[in-house]
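Here you go, one structure.
Chains here go by letter, A, B, C, D and E, matching the order in which they are written, and residues are numbered from 1 within each.
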């Protein structure tokens, strides 16, 4: 008797598309995946429709890898649909995991975003002042666009999630390992983040160069200094969030001479990445004087954007007040 | 608190009837906590809005605690530490100060008014200062009104009855 | 020799007055008074007073209203603030003297034609009318109401002042005089509202 | 039976609400609070009791632990800083870990500071709920036991320090006595007589000073200061800095031939010991009975330091002993001690701060301390009370409460001034026959023999005018006042202002904390009041202890005190230090931090912030590790660790989160 | 440097010499003063005893006008200086007073914010202009002129944070910078009796006599004052106060002495309004003047 190959699916919601790219980046190992499973739904690559999914029996997909945050009514519907159809729903990539870059929109109201996009942006040309959302009647009947909700949410704020694959985008090694693990006989504990539960410094190539004590009089942005390619970036005054960020990416950014921006979220013992990163960074300030401390901190132009770059919707306070 | 609401809805959303500010205090055991004790032994009267959590040092106060308090309905957070140079552990209050200055900016970006997050140096001898600070803060927060953070969606909890993993926050 | 009965029975005390003084602006700490007498010692006028400021503080906080309000002490105070600055318990004695003066005037405790209350009243009347004080006119009005004969004694000095240009009859006034009246009326209405 | 120490068994919580007589019950609805607690999750029993801290109260807890198999206890009563040890003891006696306790402070933080019963009860409920949520997570902890070094450091060589040092040394323990002046003796050495017995201060002090100097168990370091203190109870490491006196102490025998031989034949510099009322030479002995009997050189005055061109007659006079060393430099010494007694004393109010009394303007306005020197037989006038021009005063005014009982300067009563003013009044009257006027607010003479001494002064015909002086000035309004200082004050008993012309004014200056009290306090990690007096741990029950274990306070550094009180307190402090030493070991709170190694990424952030270098980076594992012996338990590392890999015992993240959320979850 | 300037009623009447000399001095020092437009009586002492709340409202109107100008407010008259400062203190300390004042300002459509800095000319001279700058402008130093500096009450007490309340020295320092010699004057903060001279003449006269006697006894050749009422009391009643010896001592505003030193012409500094001619004294001390 030939055992039926397990079915897997990929879907994207509010994301840049990089996660889809990451799946492709798995390269030849994708063949291992294909050999082990059937891809039954992958809009970016294969021509299946929503109705095809609707016709599948509930729970018939072994695992759906959903990337992107949830902003529109359509995304919410699809998340619900795929949840029903899948045994495992995997939040794939930072946006789905934590809200990601799109989540930074939670610092702004829906109205101000639409205003900026449809009217105020310098590249916008909209003489008729058209706005999405109004129903359109044409020969097919009344058409509406999905509703653009007030806030961005992470996937697990919309449906129940079984696993998380972190990263912006997730690194191929992690992806392969995640897929194969799920196909294997011993699935990990529900709710697990499928990456090492420790901070990035563990695997940072510059770890040994980090001094025991760091005392900074200013924070620097990468474009402002000549970065020493061998030394710990924090020690050079760059805001590297590696100490507060989950490992697994093999410190690719740091390898590329750029500080970690925190895409993999926090390790498991931390409730909120932003607060912890903030706490650690503040402790490096070399001053006991309030006004000098403020001066030093002024070199961080957008602290909330820096510390919550990927995790705003999943943080303790999910959005700016009033949004 | 006569005006405090008696219930919190399922997602932690606080009803709008709250009139009295609710403040969580984190007090260092060696100074502000003692000052609050002194206020007690001196029978100094002040507003009952602050609930105090004792920590060994203001340096112990993790920004996560502050945000957690706001997220769970606090209208204000008050940190009490030793005066600069007076830390029982030499440096803890400076660490607290650095964190607080940065956190203040982040809170501002979150739309949380400056008055809602306060760091005060109150020594063990300044019992009356506890009153002054608390009464002043309560007064200011009364003027500001409730914080009313619209709490984001709670996690969708698993039907399997499993605990929500820590990895993803609340 | 006529003997005067000086015993005070408790019923002669006015506790409401004592309460009022301790709640009035500047009287918050009157109960802390040490009776050290530093106020009297530093007061330039205490040597003319029937009750020294110290005694007045004590009489007030005990509620001996008659004695306090009919005392010359309150009218002798020139508000030099020496007592207030020196007071070891930071009692705002000068301010209390104002409060007592106001109270005495409200309750008609001062001698008729007594110059100081007249000066106060004429002063305020002039401000209500012009918004500013014209010193020459104020002085004349006060003299007329209290001791007109002294105007004669003053004439030599007055003449010198006019000669040196330091007194002029031209009325000093603000342009928006109606604003002054509105302002002062608003104070009264708000105060009444607050009292309610 | 559920295992209290097994984290997998659901906790069984007992909640105990104390009435504290009416201290709590008057403001908090205690029955309602207990009933509320009973309804909280995991609470098995909730009780109220009149005095939880009493034996029956504690027995209630012990009984419930046994009968109901309780695994966690919440006590809602007073401040944990008051009775936490008491209740921990109750838990231990009932067989569960001491740290399965959480106290809720509903007295100092609720009932004593609020008036509205409804509000207070609501607040108490919140606090209890938070404690119940938190205590579920408490883990069993053990106190650490450390040895105590028997040596004691006494800081400050006034009468308090001297007495404490001698008491301890006599018990056979070694004492280091550090004094920053070149001699011990403190303020008491300035006095001629002591009240109320009028015995000679030198006669009772000098033998004690000499005893200190020669005691085999005392290492006396004068002209030295404590520069740094590290460590913890039983194990303090103290750095002492020796200021150069330019004299080799071991070689100087105090013969003073050098002083005699100095190129300056007369003194030219203000003599500190005589408060500037006499002059001394660049090389000098502070005063005849100084201990140690060693001279010192004032480099500001000595020619050799200024121009290197002095004939150095002093060196010549010292001859073979070679005790003079112009090249001497400051040096630092490190000692290990088990406990520390701080007895750094007081300073007197700077009289010029009260401009109305003309100190510094009129030469014949003196401070009481200056007059102490004037009346002293070994003082600048050999005990003769004369004015600056050498004449004897006929009228003297003594003004009490200068810099005391005054919100413009110092609010407190300095406690000793009434008595020393009486003493000075007596001495002045006795020696000059002058009319003496005391201007006082209240005469405060409680103390053995004190009121009797006041009676004696009244008999002697000293005037007492009840009134705080407004001004001392020299403008006359009467011929009798010409050329005199006129004291103006209300005679409050007479009810009028009086002007009294005098020749001499004595300002009875109050006592103040030392000007560097705040630095000293930081050095020893103790607290001080707003004014700068060092704070005792408890005003009644622990009057010589501080909030830092192993550091005790004695004498006027804690608050104004006279000699008998200072000596009594010094004795108490000595007893505490000796008791500690004799106990041989002490238990430390287990609030230390530890690294969860699996989670640590070795980012070293914690290394940056630990003030005690208690965290090390272990090269083999590339992870951090806390040295629990060095860790003092502030928890800063736990708050800082970006990966949440450091936890502080009893203040774990999760425990605090539970407390926060418990406070806010309105159930 | 530019300030809003609040003259107050007296400087338009008996204290005209104060205003004239003050304006001349600040002009000479290059400091601009802009008179507060449509100012009203500060509410002064006497008024307070009749209705103190009204007095705060009157002061508040001036303060609010000054706030709109966005500059510190200079108040040379001691009584005005006191009342303006006091109003700000009380409004802050007693919220209910603040409320009344706010409503009153509302009624005349003025902003409620009355938090301007109220400054005394001495404060500005010492802390903004600076003694060095002042010294540099002195053309006719007052060398050898013995001056008693009389501060009186209300400039120093209770709100002058720029000087010591018990032993003020700001005027001493300013006049010393002009070359004058300051004599010992133990009664420099004693009361001149204020309006008592008008209401209780004998008492007022006694106080005045004390002040003049002490000046004379300590060798002062002139008395410098900071308050129109003090100046008037000390100058106008010298004959009346005289007993055995006659008083004849010029009583000047400190600004008049400054004007002298800075080379302002006597008539532009209000000297023509004095009852005692200053010229013989200047001639005697060989002090040049314009």
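The rule we apply is simple: a residue touches a chain if its C-beta (ideal position, glycine included) is under 8 Å from a C-beta of that chain, and two chains touch if they have at least 3 such contacts.
Please read these numbers as outputs of a predicted model, since none were measured by experiment.
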Sorted by label, the chains bordering both chain A and chain B are D
Hopping only between chains that touch, the fewest steps from chain A to chain D number 1
Greatest Cα-centre separation from chain E belongs to chain A
If chain centres are mean C-alpha positions, then the most distant from chain C is chain A
When C-E and C-D are ranked by contacting C-beta pairs, first place goes to C-E
For the pair chain B and chain C, the C-alpha centroid-to-centroid distance in angstrom is 49
Separation of the C-alpha centres, chain B versus chain D, in whole Å, is 33
Touching at least 2 other chains, the residues of chain E are 166
Among all residues of chain B, those touching at least two other chains are 62-64, 68, 95, 99
Expected list for chain A, residues touching two or more other chains, is 266, 268-271, 276, 279, 283
Which chains touch? The pairs are A-B, A-D, B-D, C-D, C-E, D-E
Touching chain D in the complex, chain B uses residues 1-2, 4-8, 22, 24, 29-31, 33-34, 36-37, 39-41, 43-46, 48, 51-57, 59-65, 68-69, 72-74, 85-86, 88-92, 95, 99, 123-126, 131
In the complex, chain E touches chain C at residues 9-10, 12-17, 38-41, 43-54, 57-58, 61, 82, 90, 94, 96-97, 99-101, 103-108, 152-154, 157-158, 165-166, 189-191, 193-196, 198-201, 203, 207, 236, 272-275
In the complex, chain C touches chain D at residues 34-43, 46-47, 52, 54-55, 85-90
Listed in rising order, the residues of chain B that touch chain A in the complex are 62-64, 66-68, 70-71, 84, 94-95, 97-99, 101-103, 105-106, 109-112, 147-160, 162-170
Chain C contacts chain E in the complex at 25, 44-45, 48, 76, 78-82, 84-85, 98-99, 101-102, 105, 115-117, 119-121, 123-124, 127, 131-136, 139, 142, 150, 157, 160-161, 164-168, 172, 174-176, 179-180, 182-187, 189-191, 194
